[in-house]
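Submitted below is the structure of interest, expressed as structure tokens.
Read from first to last, the chains carry the letters A, B, C and D; within each, the first residue is number 1.
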Amino acid sequence: MSLLEVDRVSKSFGSLVAVRDVSLKVAQGELRAIIGPNGAGKTTFFNLISGFFPPTTGTVSFDGEDVTGLSVAKRVTRGMARTFQITEIFPELTVFENLRIGAEVAAGYRLRPWIGKNAIAAVKRSVDEILDLTRLSAKATRRVGELAHGDQRAAEIAMALTLKPRLLLLDEPTAGMGEQETYEITQMVRRLHREKSFTIVLIEHDMRVVFHLADRITVLDQGALLAEGTPPEIAANEAVQAAYLGKAA
Amino acid sequence: MSGPFGTEQLRRLTTLGAIWLVLLLAPLWMPPLGLYTALGTRVLVLGLAAMSLNFLLGFTGVLSFGHAAWFGLGAYATGMCLKWFAASTPLGLLAGMLVGGVAGGLLGALLVRRRGVYFAMVTIAFGQVFYYIAFQWLSVTGGDDGLRGFERQPIHLGVATIDILNNATAFYYFVLVCFALTAAVMGFILRSPFGRTMVAIRENERRARFLGIPVELHIWIAFTLSCFFTAFAGGLYALVNNFADPRLLHYSQSGDFVIMAVLGGMRTFWGPLLGAVVFVVLQDYVSSVTVNWQFFIGLLFVLVVLFFPRGLLGFLQQRRRA
Amino acid sequence: MTQLLLFDITNGLIIGAFYVLMALGLSLILNLSNVINFAHGGFLVIGGYLAYTLLPYLGFWGALIAAPFLTAIIGLAVERVLISRVYGRDPLYSLLLTFGLAFIIEDGVRYIWGAQGKPVGIPEFLSRSLSGELFFITGYRLFMVATATTIVTLLFVLLRYTRIGIRIRAGTLDLETVAGLGVNVRALRSLNFAVGIFLAGLSGVLAGGQLGLEPTMGDGLLMPSFIAIIVGGVGSLAGTVLGGLLIGVASGLTAVFYPSASEAVIYVLMAVVLLIRPRGLLGEEGMLT
Amino acid sequence: MTIRSGSAGIGRRTVIKSAAAAGVAQFASPFVVSAWAADTVKIGLDNPLTGTYAAPGGNELIGCKLAVEQINAKGGILGRKVELLVEDSTSGDAGTAVQKARKLIERDNVDLLVGNVNSALAQAMAGVSYEKGVLHIVPGGHTDPITGTDCHWNVFRVCNTTRMEANSIVPLLFKTYGKKWHFITPDYAFGHTLYDGCEANLKKLGGTITGNELTPLGTTDFSAYLIKARAANPDVLIVLVQGSDMVNCLKQISQFGIDKQIHVAGTQQELESVEAMPPEARVGIWMFEWYWNQPGVAGVDKFVADIRKASGGKVPTARTWFGYVSIHSYGLVANAQKSLDAKKLAKALGDFQLPPEVKVQPNNVYFRGGDHQLMLSAFIGELLKNGDGDPENLFKVNSVVSGDSIAPPVSETGCTLKWPA
């Protein structure tokens, strides 16, 4: 049975319909890419899944539970974590401090006025683990605001990881990156998927990345579901080509 | 992070040591400078209020422009408790803290969804409600004439009794102890996981939310705590004057607290205390020199906003970082 | 009794009309520049005193026109030199800045004109009552209402049908986009601010005819207009008008039936409104939060 | 650093620069403060100079300054120069007022504390002066408790009690205007006691009260109250509000033409307020606590002339006189007793008769020993729409009632002085 199940969700702002009757099933351990031309409603769709705002119609269920009405915080505790197209971090804090907040929340300490030595040690351990996993250990004491764009993106993903998510939602992880950075992030996502077997849904523009990573691909166009399938299937799909070429032309 | 959260242990300890040394010796070094103990006491109390406000403003990034209300409520409650219920200073302070804090907490629940200017406006307006209650409910508050007829009571510690009423120095140290305790609690909270979520909200509310922090709840808690601390300071202020008047709840008082916090450096823990020192001493001094002191205080506001937005300590830190 | 009630409601509306005039200026500035102008009361006082000074030379009508313009010019200078520097920064700073300005203005006025109150004479024919029965409706108060009504109408026409006005309204909703369209936002804000201060000055002159001028008279009038905006709903000028009239009537009535709450009542009103409609009566979702 | 106008009679504003310099000097050298104490007699004035009470406070300051200059010209007190340390108490912030009182007493150790216009602040200050056992004269705070239920051995008051005001004028108003009265009363202690005084008198005379409008301090628009008052249709509308409230109230009364239909009058009236009103608003019979135009009374002309010199041509008001009296009475007893001991001087001030050049009015004026209240006359008369002879002559005095004839006996004030051992 699938971990994430989106059933015919729509979202309209006033007269504008941003997402129309889109459904999606993501299986445990799968890496799903969502693509589509600009304005296809990818990010809006993401926001519906992560609870940024509620859908106008339709339901979102996570691990068999209907989470449509749940707040962001509740979804996070259920195991959903996301990143944003425009990096969202705590610029004034160091990388370590950034991650520690996530780790403490995940450990259920967020309301604690104090935590014991062991707890502190445990938090540090999990943070170090993730720093290591994301190759950020060397920069742990730097203020995130001062890091390079690529590292900031990595740090944001690392923060999401501190939540020990069962589903990782990545909104254009390679946005605004150079060749090298893109390669590194791609490798990182790959590791997370292959080695740590995270279930991941990502929006991506860079087709190389998509076809390199994705198990399955969902294509949105003008807010509606255009196609879904394995990379080869999508590559062969005329409708998809039309949509992209149409946009290109 | 800064202040007591500074990275280098040593520097932090030395600053801490210096601050406490200066505070402890105040009664010795102030008179020769033409200052006086009572002024020191007042600075401590207002400084504590500014730090309490900054607990919210500087570390959660939420601007309340109505904190005078909780300050004043604390003062009145303390006064009334001393006047009508029990001639006990600690009890009075406790009452002040509870009344101000609870009132703040209740109203806070209505406000937490607002942000920015709107939050500021609504806090001002609600603050004024309490101002006018104090101003017009004569039978209880004494109205414009203020609440009189109570005195701070000696402190009984099993072995000895400390006369904080007639001995200005003794009272200073009493206030200093209260100050130290509250500051300790604040510092403690700010270093806890909860404290870190406050900073997270200040730094990036959206990210905080998507790290699974229920932002409204945390802002509300921070606001309420801040109200408790402020009300406690208000209680102390009632003791300083043996008097409470509506002016304490007026929004211009809130303005004073905010400027103290900003002037000293609102991203730092001790900044507001420094701000209070500068502000109170300056006001006390200038208002003796010229009838037009308000002009200079106003000018101070303008200059701080234009040239020291990060405050004195913030300014120093930038220099250090650079 | 019912007649008394009627009188008080009418009277409340008259008072409200004045609040509206002052609140509109405040509201304009808040909406476009996201600045709560604490110094608004100060500018009101300046307007009043300028009128007092000009009166001997220009007469009442001359002063009525000239004083607000001079105030607006002062306001414009202040905006260019100081306030424009905090646009786009944390609202904290604009609050503190105008807060300080309020101090400076009050003290400046006391320095120039003295602490002693000053009378502003008004034309004889205006200072008479309509009739013995409706004694509380004097020519002057009618004139105030008329002025307020005219200004409100003008303002709304301006905002609906002129290019500037439409830009100001658009800017209120989404400044970035407006800037994107190549509108000179800085000039737009300055103009808007000047208009706001003009209204403050005008209120000052009108108040001078009704009240004794006094350096501190600003504070007393600032808060009600402030509440008018919150009650009416931040971001909505129509709301401001409604709010102004409402608190006018509210304070007028309580003054009669429960005087000891006559000041507090407008805050209670506000609290109630905010509980029922967090955005204020005509405030729209998503504005200034 | 504090202004020491006594030493040179410097105007307050001109002092800034020099004062600032001196201030630096003082911060620099620890010994300045203590150095002062020895050679001069220090009087601390802690009174409003900003806010709503800035005008009366400013006038009291002028009176104090003149007195200090005169005393110094005559060789000071006990041969020592008098210096006046001026602090702005603000108009309503008790915290500041108390702070300044402590500053003056603890740091500058003044020999006499003077203030405050605002009764509430005056009482807050009295708390400090009593605690420290420093002689304290209240020039212009009217609420009764200061020399009544809350009286202290070290506190003296120059201006009237509200009860004296009521007693001085109510009978006359009753006789001239009629028996049905309606009140407009400021809603704080001063107003309440004043109203009670009037009510008591009126009851005694068999008058009736059609209503009492309690208006919050700082009310700007009185229309609602006036509508109600007019509906009650009394013979007299008594206005008890003070300062700018009084100005606004009378202004609106005249605009509504109420003074054409009902008699308008009140108890205490001050030149500061009258000058702030437009001519048409200057109506009715009132009581002044001192008035400058007293043809043929010893010392008045000289006093007026001196004040005019000091205040850029403006005449002294009752406030100016309060300040003047406060300082002089202290100087006189101190020199008479050859001492600065607070208790000794307090004893001596009791029943101390002011000499002509200080009281500047016909009747006897003295501090009553029992409650330390000055027995000053009430000047009863009518407001003049326009200055008669002098633009500032806006009041026609009909009678000058001596203080002891209007003051309730000490036994009724509720004051019992407790002297320190």
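One rule holds for everything that comes next: contacts are C-beta pairs under 8 Å (C-beta built on N, C-alpha and C of every residue); 3 or more make two chains touch, one makes a residue touch a chain.
In this text the structure is predicted, and so the values were computed from the model without any measurement.
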Of A-B and B-D, whichever chain pair has more C-beta contact pairs: B-D
Subunit A-subunit B separation of Cα centroids, rounded to whole Å: 42
Length of the line joining the C-alpha centres of subunit A and subunit C, rounded to whole Å: 50
Distance between chain centroids, defined by C-alpha means - subunit C, subunit D (Å): 36
Shared interface positions of subunit C, touching two or more other chains: 107, 110-111, 260, 263
Multi-chain contact sites of subunit D, meaning residues that touch two or more partners: 13, 50, 187, 216
Listing of all chain pairs that touch each other, if any do: A-B, B-C, B-D, C-D
Contacting residues of subunit B [partner subunit A, same complex]: 1, 7, 188-189, 192-194, 196-197, 199-200, 203-204, 206-214, 218, 221
Of all residues in subunit B, those that touch subunit C in their complex: 57, 63, 65, 110, 113-118, 120-122, 124-126, 128-129, 132-133, 135-138, 252, 255, 258-259, 262, 292-295, 297-302, 304-306, 309
Sites on subunit C touched by subunit B in the complex: 30, 34-36, 82, 85-86, 89-93, 95-97, 99-108, 110-111, 223, 226-227, 229-230, 234, 260-261, 263-264, 267-268, 270-271, 274-275, 278, 288-289
Residues on subunit B engaged by subunit D in the complex (per definition of touch): 31-39, 42, 135-136, 138, 142-146, 148, 166, 168, 237, 240-243, 245-248, 284-285, 287-294
In the complex with subunit B, residue positions of subunit A that touch it: 50, 71-73, 76-77, 81-82, 84, 88-93, 97, 100-102, 104-106, 109-115, 141, 156, 159, 162-163
